[in-house]
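Structures for review follow.
Here chain A shows up in two complexes: once beside chain B, once beside chain C.
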Partner chain A sequence: MASVSEMYDVTWEEMRDKLRKWREDNHRNSEQIVDVGEELINEHASKLGDDIWIIYEQVMIAALDCSRDDLAWTCLQELKRQFPGSQRVKRLAGMRLEALEKYEDASKQYDSILQDDPTNTAARKRKISILKAQGKSAEAIRELNEYLEQFVGDQEAWHELSELYINEHDYGKAAFCLEELMMTNPHNHLYCEQYAEVKYTQGGLENLELSRKYFAQALKLNNRNMRALFGLYMSASHIAASPKVNATVKKANVKYATWATNQINRAYQGNVTNRVPGC
Partner chain B sequence: MAEPELLLDSNIRLWVVLPIVFITFLVGVIRHYVSILLQSDKKLTLEQVSDSQVLIRSRILRENGKYIPKQSFLMRKFYFNNQEDGFFKNTKRKVVPPSPMTDPSMLTDMMKGNVTNVLPMILIGGWINWTFSGFVTTKVPFPLTLRFKPMLQQGIELLSLDASWVSSASWYFLNVFGLRSMYSLILGQDNGADQSRIMQEQMSGAAMAMPADTNKAFKAEWEALELTDHQWALENIEEELMSRELDLDGMFNSKH
Partner chain C sequence: MGEVELSCLAYVKMYLHGCLFPRCSVNGLLLSSSPAGGAVCVTDCVPLLHSHLPLAPITQLGLTQVDVWCAQTQQRIVGYYQANACVSDNSPTPCALKIADKIAEQCNNAVLLMIDGGKMSPDYRVPPIVMYERKDTRWTLKDKHTIMLRQWEETREIANQLLDSGDHSLLVDFDSHLDDITRDWTNQKLNAKIAELASPANVCTWMSRVEK
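Right after this comes the complex of A and B.
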């Protein structure tokens, strides 16, 4: 098997920088991380200096994702040796137990972390993900709600909660979570678009109007959001087709729908061979 | 003042001015690392973390509430400010002002602060004064009155000497404050060698008690939230959006 550095002709510094970039951008390309990281650890450990510890952590999590228990175990041992009694390492040990589906032991591990440090958010979140992995979504929702009562500012948690609610078809509560995210990230077009989709799914004239507005907002934030453009068209035409609206509203919505159609045509003009990417 | 300029021996420059700069700088760096070693862990309680996040959420609601529908904004405002069971109205935290005497961790912190900062300054200042005494070190570029003479010219007993000529001790103090920006460059912001910042903190630190602050902070947020109105940013969004064509340049290129 050719090594990564041979295949792509990169030096160890470039590999290390690539790992850092993946770490900072929170990429989940676990197989690549395992390949690159394993080679760095095996061949160039001495040159990495103190960087090696965070690389161990990153590679360990990626290894758990790829079912590489051997690699995960080695990384964990190294980290345990260097940082005995560290909360962060304990959390990694718990994650390994989770990957082996030993949920009881993992739960105990996280409980011990929480005993030492009740403010540790990572351990709490891992416990909730255990519940999710076991398929106990009602309990997961309840726990996540309690968690969010304490830590109102955790955006990752709000997003997770909105996803759980959508799976349970509780669109009202999902909309609430997305509103929190929209407030904290007013320039993120994706939250606006997801909110609009939830409102569209809820249905009803008011919600359709709201969804149309938020699709428009997503488009304003990012002119190229095709999904929002299609959403705008659909919500506008839905409202126009509804029997309950008066003439002015109908006319306005027909205008919006026509505008949306024009924009869609413009976008796909001259690109007949390109398929629409996953809309 | 058209006085004849004093010409100082260039040895003074070599053996006094530069060594004092080096000494001050190295002492500062050592102080920084010592303060890191002696740093005590600040343990926050769950309540403190939770409260700070709630305050942030309320602030965000005030600032960015215009991006969510009116109904949602009112719902949240009601949750916080309601007369009977609003969060800000109801939650009272226990007020324990951490005076230095009752709170042992604050006491040790203060002591450590003093030891790492004030003590070395006094010691080194005194040593420099003793070692490099009896001559003039440098001249400050602006004229000073005679009142400054005993302070800045320790050890030089010349009545007629212009107060602008100062001794090595004052050069040392000048360095202590002047090298602050160097420390920020080399040690990064918020370093332990930054003495004037620490002194400022000590003066205002006694007044900053966290628990009492929480109640007051809640009250301030309550008032601010009461005053906030909801101006929906999406009122005319369709008109704004459709006033011009979408920017779809190069969207489906192969490189996209």
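Right after this comes the complex of A and C.
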């Protein structure tokens, strides 16, 4: 089988830089990371200098994601040798146990990290991930709430919690989490749009109006967000059709819906196979 | 109740949808180009979402758009499929039941199909699916003998081939379409690839390979 460098005509430096970019952007393109990383490790380890350790870590996690325990094990051994007694490496060993579904052993691993360092957030989050993997949503939610009482600024945790609540159909609490995220990330159009979707799902006139406002806000932040555009159309249409609204409100919402329809049609112009039915 | 037949095209796209997003729950709609009455023939499917399945707006949007497309192409929505992110649990979630209920309002013998993630392996002997039908107001497990998947081994081979060649990444679900509206959620390109692989000439080549 052709190597990555042969197939894509890249140098080892370009491969190393690609890995760094994926690391920085937190991409979970595990199959690619495994392909590129494995070749880099096998063929060019000596040239990588100190970069090799963080690459081992990155490739190990990607390998776990692709059920490549052989590769994960190799990376882990190298890291253990270089950093004996490291909490960070211990956490990686725990992740490997998780991947093998040895949840009890993984949990013990994380507990031992927390014994030495009770503020180790990574270990706490891994424990919550175990609960999620085991389908224990209620417990995962409880633990995550406790975690957030201590680490109230952890964006990733707030977002994870919102997802867990959505899956449990607890839209009120999901909305609360998204409100936290919107407060600390006022320019993030995705949080606005997700919040609007939750409000829409909750239903009722008040929530629909809120949802319309937040779809509009998401569009203001990113006018290419199609979900927000469709959401604006749908929420405005529903409000206009409601018997509970007065003529002024109805008129305004018909205007918003019409505007949205025009924007949608413009976006689809030239794309004949995807005309917009139902608008 | 009645018999249900699942076409190669519908199965392969459903399966690939699950493979394309292994860490997410995915869902989609089952379509039929056969007239109503008699056995339900699922001839195609439209993959819908791989995120926030319980949220209403995009689901409603997807249902509407597929409905209109079906009217234009003489198809009907006859069912719903879902694969849960957690492979140890393949029971229908509340949102699955809700959407299936909605479909059943328009289609008498609608089916609810759950993909059993735990049984998705290249050489699994039986299709990794569990089907439900509506009896009175509840969704009950369908008798396995009323579910037909003609040429299962060939179908499985087609799915495997597409996975091996990486062509499963051609699959577009409604979610992906909203991320980039130039992408076609009716999957004409992938349909053509599957039809090509399902042609008699190709099938003969594999069957001899499989038998070795």
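Please note the rule applied: the second predicted complex is superposed on the first by the 272 of 279 C-alpha atoms of A that agree within 3 Å, B and C clash if a C-alpha of one lies under 4 Å from a C-alpha of the other, contacts with A are read in each partner's own complex, and residues count from 1 in each chain.
The rule is short, and it goes like this: a contact is a pair of C-beta atoms (placed from the backbone, for glycine too) under 8 Å apart; a residue touches a chain by one contact, two chains touch by 3 or more.
Since we're looking at a predicted model, the values are computed, not measured.
A.B. asks: Looking at the overlay on chain A, is there a clash between chain B and chain C, or do the two fit?
C.D. replies: fit
A.B. asks: Once chain A of both complexes is superposed, is A:Tyr8 in touch with chain B (first), chain C (second), both, or neither?
C.D. replies: The answer is neither, since A:Tyr8 touches no partner chain.
A.B. asks: Going by the contact rule set out at the top, does A:Ala267 touch chain B (first), chain C (second), both, or neither?
C.D. replies: both
A.B. asks: Chain B or chain C: which reaches more residues on chain A?
C.D. replies: B
A.B. asks: Touch check for A:Arg227: first (chain B), second (chain C), both, or neither?
C.D. replies: Only chain C; A:Arg227 stays clear of chain B.
A.B. asks: After lining up the shared chain so the two structures overlap, which partner does A:Asn167 touch, if you call chain B first and chain C second: first, second, both or neither?
C.D. replies: second
A.B. asks: Examine A:Trp73 and indicate which partner it touches, taking first as chain B and second as chain C; both and neither are also allowed.
C.D. replies: neither
A.B. asks: May I ask for the angle at the C-alpha centre of chain A between those of chain B and chain C, rounded to a multiple of 10 degrees?
C.D. replies: 170
A.B. asks: If we overlay the two complexes on their shared chain A, which of chain B and chain C does A:Phe83 touch? Say first, second, both or neither.
C.D. replies: A:Phe83 sits against neither chain B nor chain C.
A.B. asks: Would you give the minimum C-alpha distance from chain B to chain C, in Å, for the three-chain superposition?
C.D. replies: Shortest inter-chain C-alpha distance (chain B to chain C): 5 Å.
A.B. asks: Share the list of chain A residues that count as touching for chain B in one structure and for chain C in the other.
C.D. replies: Touching chain B and chain C on chain A: residues 267-268, 271, 274.
A.B. asks: Looking at the complex, which residues from chain B come into contact with chain A?
C.D. replies: 44-46, 49-50, 53-54, 56-57, 60-61, 64-65, 67-69, 72, 233-234, 237-238, 240-242, 245-248, 251-252
A.B. asks: In the complex of these two chains, what residues of chain C are touching chain A?
C.D. replies: 23, 52, 54-58, 60-61, 64-65, 67-69, 72, 86, 88-89, 94-95, 177-179, 181-182, 184-186, 188
A.B. asks: Which residues, counting only chain A, touch chain C once they are in their complex?
C.D. replies: 28, 133, 135, 166-167, 169, 194, 196-198, 200-201, 203, 211, 226-227, 230-231, 234-235, 267-268, 271, 273-274, 276-278
A.B. asks: Any idea which chain A residues touch chain B in the complex?
C.D. replies: Against chain B, chain A makes touches at 118-119, 150-154, 175-176, 179-180, 182-184, 186, 210, 212-214, 216-217, 219-220, 223-224, 229, 252, 256, 259, 263, 266-268, 271, 274.
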